[in-house]
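In what follows, chain A forms one complex with chain B and a second complex with chain C.
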Partner chain A sequence: MIYDPIFSDAIIFASLLALLSIGLTLTYITTRVPNFAHASFATIGVYIALIVTHVWGFSPYASIPISFVISGVTAVLLYTFILKPLIRKGASQAIQMIATLAFDLIVIAMLNITADYIVKTFQITSREFSLRSYDVEFMGLPLIVVLAPLTIAILAITLHIILRKTKFGIAMRASTENSDLAGTVGINVKLIYGVSWLMGGGFAGVAGALMSLWFVGDPNLGPQIMPSVFAASIVGGFFSIYGAIAGGILVGLTEVLGTRFLAGEFGAWLIAYRPLIPLIFIVVTLFLAPKGLAGINWSKLRRYVRV
Partner chain B sequence: MFESETIFIIDLLAIFAIYAIVNISLNMEFGYTGIPNFGKVLAVGAGAFVAASVPGRIFAEMAGIEGDYILDNLLIVSQINLWLVDNVGVGFAVFFLTLGIAAGVGAGVGILTSYPAIRLRGDYLAITLLAFGESIRIIGNNYTPLVGGTLGVQVPDPLSFLPNELRFPVATIGLVAIAIAVYVYSEKMVRSPLGRMLRAIRDNEVAAEALGKNATHTRIKIIMVSAALAAIGGALYAFYVGGTIAFAYDRASWTFWPFLMILIGGLANNKGVLAGTLIFVVIRKLIIFFKDSFEGFVPFDVVWLDFLLLGVILLVILLYRPQGIFTEKTTNVN
Partner chain C sequence: MKIWIVIAIIAIISSSIALFSLQDMPLPSDSMDRSELSGEVTIGLILPLTGDLATHGEENYEGSKFGVSEFNKHLQEIDAPWHLKLVSEDSATNPVIALEKLTSLNAKGIDIILGPETSSNIRNIKGYADSNNMLLVSCCSTAPALAIPNDSVYRLVPDDSNQGTAIGKLLQHEDISVVIPVYRGDTWGDGLKVASSDSFTKRGGMVDEGIRYNPESPEFSASTSLLAGKVQGYVDEYGADKVGVLFLGFAEVLQFSQSAAEHEVLDKVRWFGPGAYTKLHSLVEDPIGVEFTNSVMLTTVQAAASKNPTYEKVQAHLIETLGKTPNGYVHSSYDAAWIIGLTMLETQSSDVTLIKEAIPGVAENYSGAIGSTKLNEAGDLAQANYEIWGTRDGQWVLLGQYNYSDDSITMG
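This part shows the complex of A and B:
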């Protein structure tokens, strides 16, 4: 069997979407505000990978920890200096959402400034670039094809252990479910939320660093992938880490393979409409199961189907 | 005939009028009813797309101009404009017909895109509308019969019978007149029992429903009215600039800036909306005007400083003066 590169596309895209969706869920469960700047945190990772590879001359994989830290810190800045004061002043959820949109705009502007600066200073292509040629081979495949799903698997297991077994994870679950009650038993809720934002933003940064190894990087990548990320989170139910993983994989695979299949059936003009697939996911999920995959009562559904 | 300062002010007034229409409609939704419409660009874009695709084809049919409307667009539209010089009445009739169609299409798009999430919590509606807002560019860029894809199309000018130097002043007067009409309509509406009901639903949905008001139906109604007005704004913009291109209908220009403007001026206060719109349009004009003097001093495109500045301004307003310049007037209950 000849290996079709479309499967690499699908595997990587689905894994990265799951990673972004996990991050979005981690931040959403704390403040209950959808962070519209989340996808641009991934773009930060893309640019860190570009700088690490082209300016410093390291392997793109070296950018993963740096991306985690910088994107994570950016997310913490958004939470600490913008969302926390807004919540303290009693701003509505809509106002908080507008604040994340404004922050997104600032991040996009900074990324564009960085891109212009990189071109002028180092004479490196900083728009529509790809670092695919810097990847190493692993068992006849680019390493990223193996590493992206592996990252999700490791992350899922680690998060499961942290959230279920460690004291920190239990404190985190308590804080997100009832922050007042968690505060009265001595949990530092603000700190927990801060760590949650650090992880959420950090995962987005890692997703961005990995993304640069396969997909084309651009400062305006955030707004382009944002509908997919939100579709994955809505399909997943927005409150569950496992739902986020399932949603990311479902939306990611459908976007890539579904577009390919439909283009094969109806013609190549369909490829340009790929960004409409996440919209279909959002609409169908909101109509059929507004609480997402995680909200469906599977055992009840199984009984219903059998009868 | 006109000094450059006069042209500057005329253009500023026209853009002010168009944004005022869009912002008043957004204020109806967000300020008075509390619907976070992050897909404002959809309705505006729908109106502009109607203006780009409908009147030109009607005129071409009437004037008997042959050819593919998209492929030979430049030629056909210039022939139409010549034909319109002798057919002023028809020109205006089709212009108002286009505004009507735009309003209808806008209302339809508004209801279709908000329907999936209208019964759910506010953030789901916001996400859905935001995601749909991105789709208008994708469709506009790829479905060429609509607005000519990435190349864009010209929009016929019903004012082409006027001499060149009078065209923009007259267009501006027309735009300001329509903006005033929208303002008066909105003021009448928010002072009516319907307006009170909107605020009741925004402030306490449960109480409003307990008193027999159907919150979901009211929201759908307001989204339709507001989307229709925004679509008229979009169509007027397309007529004013004389063309439509899909990539001009992005999130920043027609969703983010309107939110910024109504937040500067003050939510749920139409005077505030006008003040906010004026301040924003003037700042924006000045930024564009002085942009060239920065060029060369900084190692990047100055347009991003603009984004940076406006993003920071919005955050500062949200944090330190969330009620804006004009605060909402409390209703006297006695």
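This part shows the complex of A and C:
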């Protein structure tokens, strides 16, 4: 049987989407603000990978910890200096959302400046680039095919342990469920939120470092993939980390394999309409299951199907 | 009290910005009194300095800047009492932003523009430019749909109906029986796909419906998988040496090649392409890209620039400035600046109506970095010979020439 590489492509895309979706969900759970700058935090990771690979001469994988830190710190800056003051002043969710959009524009501008600096200083292509050629092989496959889903698995287990088994996790859950009550029992809610933003941004950075091995790197990459990331989080329920993983995998696999299948069945013209798939997911989820996969009562559904 | 301090600070900052903006604005004599040229005459430049075509944009920006600088030297030599000033704007390879930049330049009284670069951008801003009596001189836009006589757009490249003819001839010359076009879903991609397909079909070739991809796509796995299926079908029917893939795109050709390299059948057939990515460095620097393009013997056509002293001067300057060999459109960018300047010199005016009338005559008599700049009735470059380039042994090699007048190809 001939192996079609589209399956590994789909696995990579779905895993990276899930990784981005976890971070977006984590920040939404805490501040209840859909962060439009989230995907650009990943683009920061893409550019760190470019510098680590082409300037420092290391493997793109070496950029993962640096990307986690820098993207995480950028997310904390957004939370601390923009969202926290707005929340303190009682700004509505819409205003906070617009603030994240404005911050996204600043990040994209900074990435453009970085791209120009890289070109001028190091004579390296810093737009429309890809580091795919710098991946290594593992059992005949690019390492990212294995590493991307593995990262999701490790993160899911780690987050599960943190949220369920540690004091910090309990404090975090308490802060997200009722921040006023959590504050009265001595939990430093602001610190908890700050750490959540650090982790959310950091996960986006890790996703970005891995994305550099598969996606076209460009300062505008964030806005291009943002609809898919939002679709994944909304399908997952927006309040559930596990839902975010499931949503990322579902949306990612459908985008790649669904587009391929539909184009094969109904005509190649469908390829150009791939960006519609995440939008369809968003609309269908909001209409049929507003709480996403995490909000569906599966046992009831199973009983209904049996009947 | 605090609020008054904040208001005062905002007022001071706003006033400062307004003052600085006024300093940047062209003087009334620049924009209003167009009967005689004196002092600084401002022209605009709209190029993609960010976005998909930033690499090209940056190179063409340097070409335009060098053109203006050399033209100003010429003005000094003839003791002209005026000189050109270039105001640059970034279109971000985005038609909407290009329109914003055009309206902003127009608001500043700048109505003669070098650029934009892409056909999509021009298509979006052309209506505004036409209705506001502006002039656009593009280095690179080639879409046949924009070859319209008496409009505001002049292009120093032949339109793609010529490039399509050259591609069709090249496919026939290389003994290809069936070709699968993969093309950008935009004005440029759609136009060139139709032109190439028509040319090849007329020569007895067969053209698949092709794959129209979204130019904004960050990855191409579904497209390459579909392409592999199509190619496999044709290879089984016609044989690998009779099947070709025609990739009509920009710099994303590298990512497409990387994705295509995963499919064994896709490097068994020949690949062809347009001038848009001819001599693209990343394609021969990237390990997967170079291996794949060598394997498929990627062959492209690009508008031929006649080698002359001006060409060599521009080429040498840009290699020194950019640290690499520039794309083939930088010479058109250089010439566009000269043609605008020479037309102003001839009319002794910066009035757009006068300049539009005089441009064809000036362009016909001017011989620039691209050689003859004679324009056709649509205001596009009339000469339409093409060079044939290919990636061989890890580098771009000039393989031959397509001669438009007798529809012939000379290799070697």
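A few remarks follow.
We adopt the following convention: the second predicted complex is superposed on the first by the 307 of 307 C-alpha atoms of A that agree within 3 Å, B and C clash if a C-alpha of one lies under 4 Å from a C-alpha of the other, contacts with A are read in each partner's own complex, and residues count from 1 in each chain.
Here, a residue touches a chain if its C-beta (ideal position, glycine included) is under 8 Å from a C-beta of that chain, and two chains touch if they have at least 3 such contacts.
The model shown is predicted, which means the values in this text are computed figures rather than measured ones.
Overlaying the two complexes via chain A brings chain B and chain C into a clash. When the two structures are aligned on the shared chain, A:9 is found in touch with chain C, with no touch to chain B. Counting the residues of chain A touched by each of chain B and chain C gives the higher count for B. In the overlay built on the shared chain, the residue A:225 is in contact with chain C alone; chain B does not reach it. Using the contact criterion defined above for the overlaid structures, shared-chain residue A:143 touches neither chain B nor chain C, since it reaches no partner.
By the touch criterion stated above, A:87 is placed in contact with neither chain B nor chain C.
When the two structures are aligned on the shared chain, A:272 is found in touch with chain B and with chain C. Contacts of A:264 after superposition: chain C is touched, whereas chain B is not reached. Contact with chain C, but none with chain B, is seen for A:127 once the two complexes are overlaid on the shared chain.
Looking at the shared chain after the overlay, A:101 reaches chain B, while chain C stays out of its contact range. Applying the stated contact rule after C-alpha superposition, one finds that A:112 touches each of chain B and chain C. Only one of the chain B stretches 39-47, 111-119, 201-209 or 237-245 carries C-alpha atoms that clash with chain C in the superposed arrangement, namely 237-245.
Residue overlap on chain A between its contacts with chain B in one complex and with chain C in the other: 112, 224, 269, 272-273, 275. If you check the complex, the residues on chain C that touch chain A are 50-52, 54-55, 58, 92, 185, 209-214, 216-219, 221-226, 228-230, 250-252, 254-255, 258-259, 262-263, 281-282, 285-289, 323-324.
Within the complex formed with chain A, the chain B residues making contact are 30, 34, 36, 38, 116-117, 120, 122-124, 126-128, 130-132, 134-135, 138-139, 141-142, 251-252, 256, 259-260, 263, 299-301, 304-305, 307-308, 310-312, 314-315, 318-319, 322.
Put simply, chain A touches chain C in their complex at residues 4-6, 9-10, 13, 112, 115, 119, 123, 125, 127-130, 132-133, 214-216, 218-221, 224-225, 256, 259-260, 263-264, 267-269, 271-275. Across the interface of their complex, chain B is touched by residues 32-34, 36, 82, 85-86, 89, 91-95, 97-99, 101-103, 105-106, 108-110, 112-113, 116-117, 120-121, 223-224, 226-227, 230-231, 234, 269, 272-273, 275-276, 278-279, 282-283, 286-287, 290 of chain A.
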